[in-house]
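I have a structure here, written as structure tokens, and I will follow up with some questions on it.
A, B, C, D and E label the chains in the order they appear, each numbered from 1.
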Amino acid sequence: MRIGTLKTSYAADEALFDSSLQRALLVLLALAAIAFPFVASPYWLFLACLCAINVASATGLNLLTGYTGLVSLGQAAFMSVGAYTVAVLEIRLGTPFFINLLVGAGFAAAIGVLVGIPSLKVKGLYLAIATIAASVILHFLFSHWSLTGESRGLSMPPARLFGLTLDQPFLLYWLIMPVTCLMVLGAANLLRTRIGRAFIAIRDRDISAEVLGIPLLRYKLTSFAISSFYAGLAGGLWAYFFRVVTPESFPLVNSIFYLAAIIVGGMGTILGGILGAVFMTLVPELLKFVANWATPIYPDALAALAPVRTIVFGGLIVGFLIIEPRGLAEIWRRLRRFFHLWPFRT
Amino acid sequence: MDALFLAEVTLAGLGAGALYALTGVAFVLIYKATRVVNLAIGEILMLGGYAFLGFAAGLGLSPWLALPLAIAAGGALGWLVERALIRPMLGESPISVFMVTIGLGSILAGVVQLGWGADPLRLPEFMLSTPVFIGEAYLAPKVAIGFVAAAVVIGLFLALFRFSRGGVALKATAADQGAAYSVGIDVPRVFSVAWILACATAAGAGVLVGAIGGISPTMGVFGLSVLVVVIIGGLDSIAGALVGGLLIGLVEALAGAFLGGEFKLVVTFALLLVLLMVRPYGLFGTHEIERL
Amino acid sequence: MTASPILEVSGVSLAFGGVRALSDVSFSVPEGAITAVIGPNGAGKTSLFNTISGFYRPQAGSIRFAGTSLDGVRAPQRAARGLARTFQNIALFRGMTVLDNIKLGRHAHMRTGVLDALFYWGRAQKEELELRAEIEERIIDFLEIQHIRNASVGTLSYGLQKRVELARALAMRPRILMLDEPVAGMNREETEDMARFILDVKEEWGVTILMVEHDMGMVMDISDHVVVLNFGQVIASGTPREVQGNDAVIAAYLGSGDVGAIARRIKAEAA
Amino acid sequence: HAGIQDYLKILNDGGGIKGRKIKYVAEDTAYKVDASVAAFNKITGQEKVSLYYGDSTGFSKTINPELERRGSMLMAGASFATELNDPKKFPLQFMAGPDYTEMFGILLRYIAKEKPGARVAFVYSDSEFGRDPIGPSEAVAKELKLSVVEKIVTPPGSVDVSTEVLKLRRANPDFTIFHGYVLAPIPEFVTQAKQMGMKSQFMGTFWTMDNSTVQRMGDAAEGFMGVMPYRYYYDKDGTAPMLEKIRQMRPEYQSTGYLQGFVTAMLMAEAVKRTLEAGKELTGANLKAGLNSIKDFDTGGLFGVPISIPGNSVPVGRIYRFDAKAKQMQPASDWIKL
Amino acid sequence: MAGPAVLDVNNVEVVYNRTVQVLRGLSLQVPEGEIVALLGSNGAGKSTLLKAVSNLLSLEDGDVTAGAIRFRGDDIAALTPHGLVRRGLFHVMEGRRIFEDLSVEENLTAATFALTGRKLPAADFDLVYNYFPRLHERRKGLAGYLSGGEQQMLAIGRALIARPSLILLDEPSLGLAPKLVEEIFAIIARINAEQKVSMLLVEQNAAVAFAVANYGYILEMGKVVIDGPVEKLMRDQDVREFYLGLGGAGGERSYRDIKHYKRRKRWLS
């Protein structure tokens, strides 16, 4: 059992991880992440990379929707901007991948700002629909523009680093995982400064925020920019990971997926974005295991998998919202408190 | 382009628009009473189509019996959804509730696919099929019937709100449930009634839409166009749904005829964006009252 | 009052569609004193505050603050220049703790940009820690809210919420503090607490105070100067004593002051 | 899926290929690229795979570099996308039938023969699948001296096609080819067009052509035509020992999708056999070489004629027409080889 | 106390979110035809009590865990909130809670649902406009744009439409100008006298509450600490000091004279 930690300086009180036990756990986690690729099969590595990409994107959306309160159904579209930019740069110019990633993310951020402009006037779900409109328009553009390969999409060469060709999950892991960790850390940092507070203020009550010295448009656009920067970066990683980008790679369902991920994980907490994205990525795989396992008993299990997956996806969203609206992060918090106080209270 | 073609395209557009409007009304009904943005409306519509198929083809009932049964099934679904999913969400943030409806849509699509398979199906023919000519312009008979049915239902709803207290009860409940209780409004009933009426309407629209284009588990995307309709009309305005529906139907038809089918969606959504910049609450939606 | 005015409102008019909320309002607020704005409901007091803080744009007239015109200056910049306020309907951010709510008040005076924030260790951290120290030592101690600093504001009682709002306004480094009905809904005891804080802010921090309040007991006791609005127009201004005796003010706003007598009369009539 | 299983059962029951049995592992992917890639990684991570059957076009494209890198597999897919029929770009893949452009080519050739100089319209969905054959097919039509009078795009998932039908009527084509759909909105299209008194002949491609699908078109099915590389399940003309075997194993009607799987498995097995016979290792390139060495191969009557695989596809097909009385697609032409 | 009790609250305990206990064994009665005042500091649980009576607690995740509340002899636990209103118990909630995007008239129309199932003549809007002429002027306008006082009038007007036999009034003077407080309380007194409506009145402004009420309860921490006829309460030393702001000598204390240390009230109970 741990006893309440006593802090002696404001710096200690403002730290991200407030106890030595937490920091020790973090180091352990990092070590595990480093050891993982050496022990895991390509399949698990593949999943780990996919989870990381989704975490990056979900964290971005969490900043926008969970913290700033601007509901967006365009996250997948912003990812597609990043992915296409990366693919075009890689194919046409062959510039180094980190430049491509940054340019892609920057470009996505610019588009995000553009899409965010209505947010000053358009509120709530009207705004969500406006972001759908933006995705539809982007989708149209990508599937009819020769530069982006029209509806056929683009296939691109792998990323290269020091003469190494990053074309397997094992190598890509070392690109994707660190980038994602940095992105999550950046988001956590952002939130403990005036910018994070401004976001939350806008979410809770935007009109009074303005009178308190927070320029609304600037911060709403900042939020859109950061969120779509994250999406763009995630999309760029996605592009290097799959090496083909088509208009169907980032459908509207994916935007819903990210929204669902932060809701299931817990909106407005960094941990929630991470847990939610990982959880929602892994559940379909879990279902596959179940189906394979059930095949001998129930031969049509595989055929039923697609609809069952749709049902489970919906069921998870509905179930979480009704039973634990604050998501996995809240469950995690309760678990922690339980162990924290362990022998004494339940 | 000759005038006849233009006239025919316009008629076809208005016909399609009427179905948008009808589904839009179902959407608005729920929003008006419960402030829930029901993204599952497309799937509920789809379920109406499948229910009709189930009654007519599965049980071999006459289509004229199957139709009211399908509508009733829609109503029952509405009742169930309201009870099981919406009522527990009272007081949660609008995003959460709207995500619940997304989840519901996903569940319904999955269930339909599990029950009827992923392939598109056709509804039994039950409407008259002699072509309708208005002047010289051709109008597909089903589209004409859809138009008339939609017009009648929307007219009924408009009259209901104009000449009864029902509309006030809906709006009051949506605005503040506690206060609505405190003035003697039976809030749970308002909720139930709104969902039952809306889902029954959507199911009826589903039969019409299915009769025209067949039914499939992906039919829910119809809901996306309906969303555009109600946003353009204003989320809480029945008249808005009517105008928005006809407008979108028309715009889609014209875009399809003169630009090509691939432009339909993008043109309507672009229109939506432009309109939102000018009128953030749609054509007829009420502004939120914001005071410091 | 001899002090020079810090805020000058001249000829301000504001209308919403057909409703004239303010018409040709002029008055000035002397520096370092407490000025109260009173008037019937719907007279336009809150609208006046909203106009001063830049939330509404007046159709006519201008406002000068500390010698410079505020025309064309948007709300956030006005806040940055030292116009701080509280709200009639408490506008705390329910998703944040008390401490974060207070920190938010300092927003406009901070420099941290997006890049600083993403990296945090460095400039952003330095600034955050300075802010924390100052808030702890000056504001939280002063308003006696140490025990709730990590509470989320939603769980606090009404009186404490009002106090946190005041703390947030103080964190804005105000030169003028505008309080919209600071003691509405409070009982006598809590009103006394709030009155004491207001007086201390004026005396110890040297902040000018502009306040709207319907509690005449408090207004008349602590304010130095009173402005009376009715139907969007200034109908009187002066010291509390002057205003209290003004017939127009009594007719429009103060009333007879004896509910008991009226009630007794009604009961007698009914009987 | 069932088709592959059945063929492998026949094969393994018959002793496998040169004594080797073939093991079949399946994963569901919901036609989503990332799910498919996940499945690919999972399967290849667990087993040493020589033959792979993928689902969508997107997947085939995505995985291609990986296939080349591994070089150990031969892959076939459910997709007949034209783009995949390029042995240079996709050296380790093939499809068990004509690609979509070739399907159009067969249809157009038939049209040119029936009615030289006919007016043709293409109706297709606004998707990768729908757009696939349109460009090249226009060129083919031109070569055959047919005029393409209208190209109509419908948005994906659209149900109401009234305006498109109006457009079609103005173009007044003799033949209308639908592509990029399974069923909807073809029936409504045909019904409305017939109501308007149009006389156009309506045609479809592989995914529309399953007998049960056409049946579901209701009245609109009458006279509907289209191209199909395989024989239908119920086709009893000529000698078709394999079809006979299928009918024994599965007494009820099997879809053309089933046949596709069956044929694919058969061709894959043939490639393995030839590679082993040549005494070579089972690498992707060797398997593909084995496959390409197939000439005038008899598929036990599943294709109506002996086939060859010069590239990535089997460019053979036949025109069928729906007979409402028999409720069956009936042959309307001979086998056409490109 | 005169007359039978319209409302009888007996030993009620209320818990929010299954964790926070707010009322701890509270009892009070409202006799037929009288106005009972309920005073107490912020957070004492006054609004909570009213919500418990009108059965609206469940909306905020609150529960009555012990005790019983009877309205005209019926246990309210068995009744729905709207059912209670239709039997004649009307709750004018704290913060007015008018329907902002309905017009004034529609707000009154909404209240006619309270008449459902009762054999009463049609709703009488003129009765309301008679008491509140200001509302008549603005009857077509959106209620959200009314000033605070007008909104309070509308809230009371809605109660009048419902023809209740008991009105629960939660802080009707909140945010109102002194003159308007006078007007509203005069009207409250008139309504009580003319319509024979009983009232349970929650107020912070003790002076005006005592002016119209017959009997008073003072609440601290979810319990009644003093009660009695208004005349008796007004003689109580603590009530004088903490609720009426009268100094020891009887004259009103000035806010300027408040020292930094002051005596906090302590109720012994």
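Here, contacts are C-beta pairs under 8 Å (C-beta built on N, C-alpha and C of every residue); 3 or more make two chains touch, one makes a residue touch a chain.
These numbers come from a predicted model, not from an experiment.
Asks: Any chance you could name the chains that touch chain A and chain E both?
Replies: B, C
Asks: If you walk from chain to touching chain, how few steps can bring you from chain A to chain D?
Replies: Minimum number of steps from chain A to chain D: 1.
Asks: Relative to chain B, which chain has the most distant C-alpha mean position?
Replies: Farthest chain from chain B, going by C-alpha centroids: C.
Asks: Tell me which chain's centre, taken as the mean of its C-alpha atoms, is farthest from chain E.
Replies: The most distant chain relative to chain E turns out to be D.
Asks: How far is the middle of chain D from the middle of chain E, if each middle is the mean of its Cα atoms, in Å?
Replies: Computed value for the inter-centroid distance: 77 Å.
Asks: Just the number, please: Cα centre separation of chain A and chain C in whole Å.
Replies: 42
Asks: Measure off the straight-line distance from the CA centroid of chain B to the CA centroid of chain D, and report it in whole Å.
Replies: The answer is 37 Å.
Asks: Going by the contact rule already set, what residues in chain D reach two or more other chains?
Replies: In chain D, the residues touching two or more other chains are 126.
Asks: What residues in chain B touch two or more of the other chains?
Replies: Residues 262, 265, 288, 291-292 of chain B each touch two or more of the other chains.
Asks: Tell me, which residues of chain C touch at least two other chains?
Replies: In chain C, 50, 55, 87-88, 91 touch at least two other chains.
Asks: Report the residues of chain B in contact with chain A in the complex, numbered from low to high.
Replies: My answer: residues 37, 85, 88-89, 92, 94-100, 102-114, 118, 217, 224, 227-228, 231, 235, 262-263, 265-266, 269-270, 272-273, 276-277, 280-282, 288, 290, 292.
Asks: So in the complex, which bits of chain E are touching chain C?
Replies: Going through chain E, the ones touching chain C are 39-43, 145-150, 171, 174-183, 185-186, 189-190, 193-194, 204, 206-208, 210-212, 242-245, 252, 254-256, 258, 260, 262, 264-265.
Asks: Along chain E, where are the residues that touch chain B in the complex?
Replies: 54, 56, 59, 80-82, 85-86, 90-93, 97-102, 106-107, 109-116, 142, 144-145, 158, 162
Asks: Quick one: which bits of chain C touch chain A in the complex? Just the residue numbers, please.
Replies: Against chain A, the touching part of chain C is residues 50, 53-55, 74-76, 79-80, 85, 87, 91, 93-96, 100, 103-108, 110, 112, 114, 116-120, 124-125, 127-129, 132-133, 136, 168, 172.
Asks: Inside the complex, what are the residues of chain A that reach chain C?
Replies: 10-11, 13-14, 186, 189-190, 192-198, 200-201, 203-205, 207-215, 222, 226, 268
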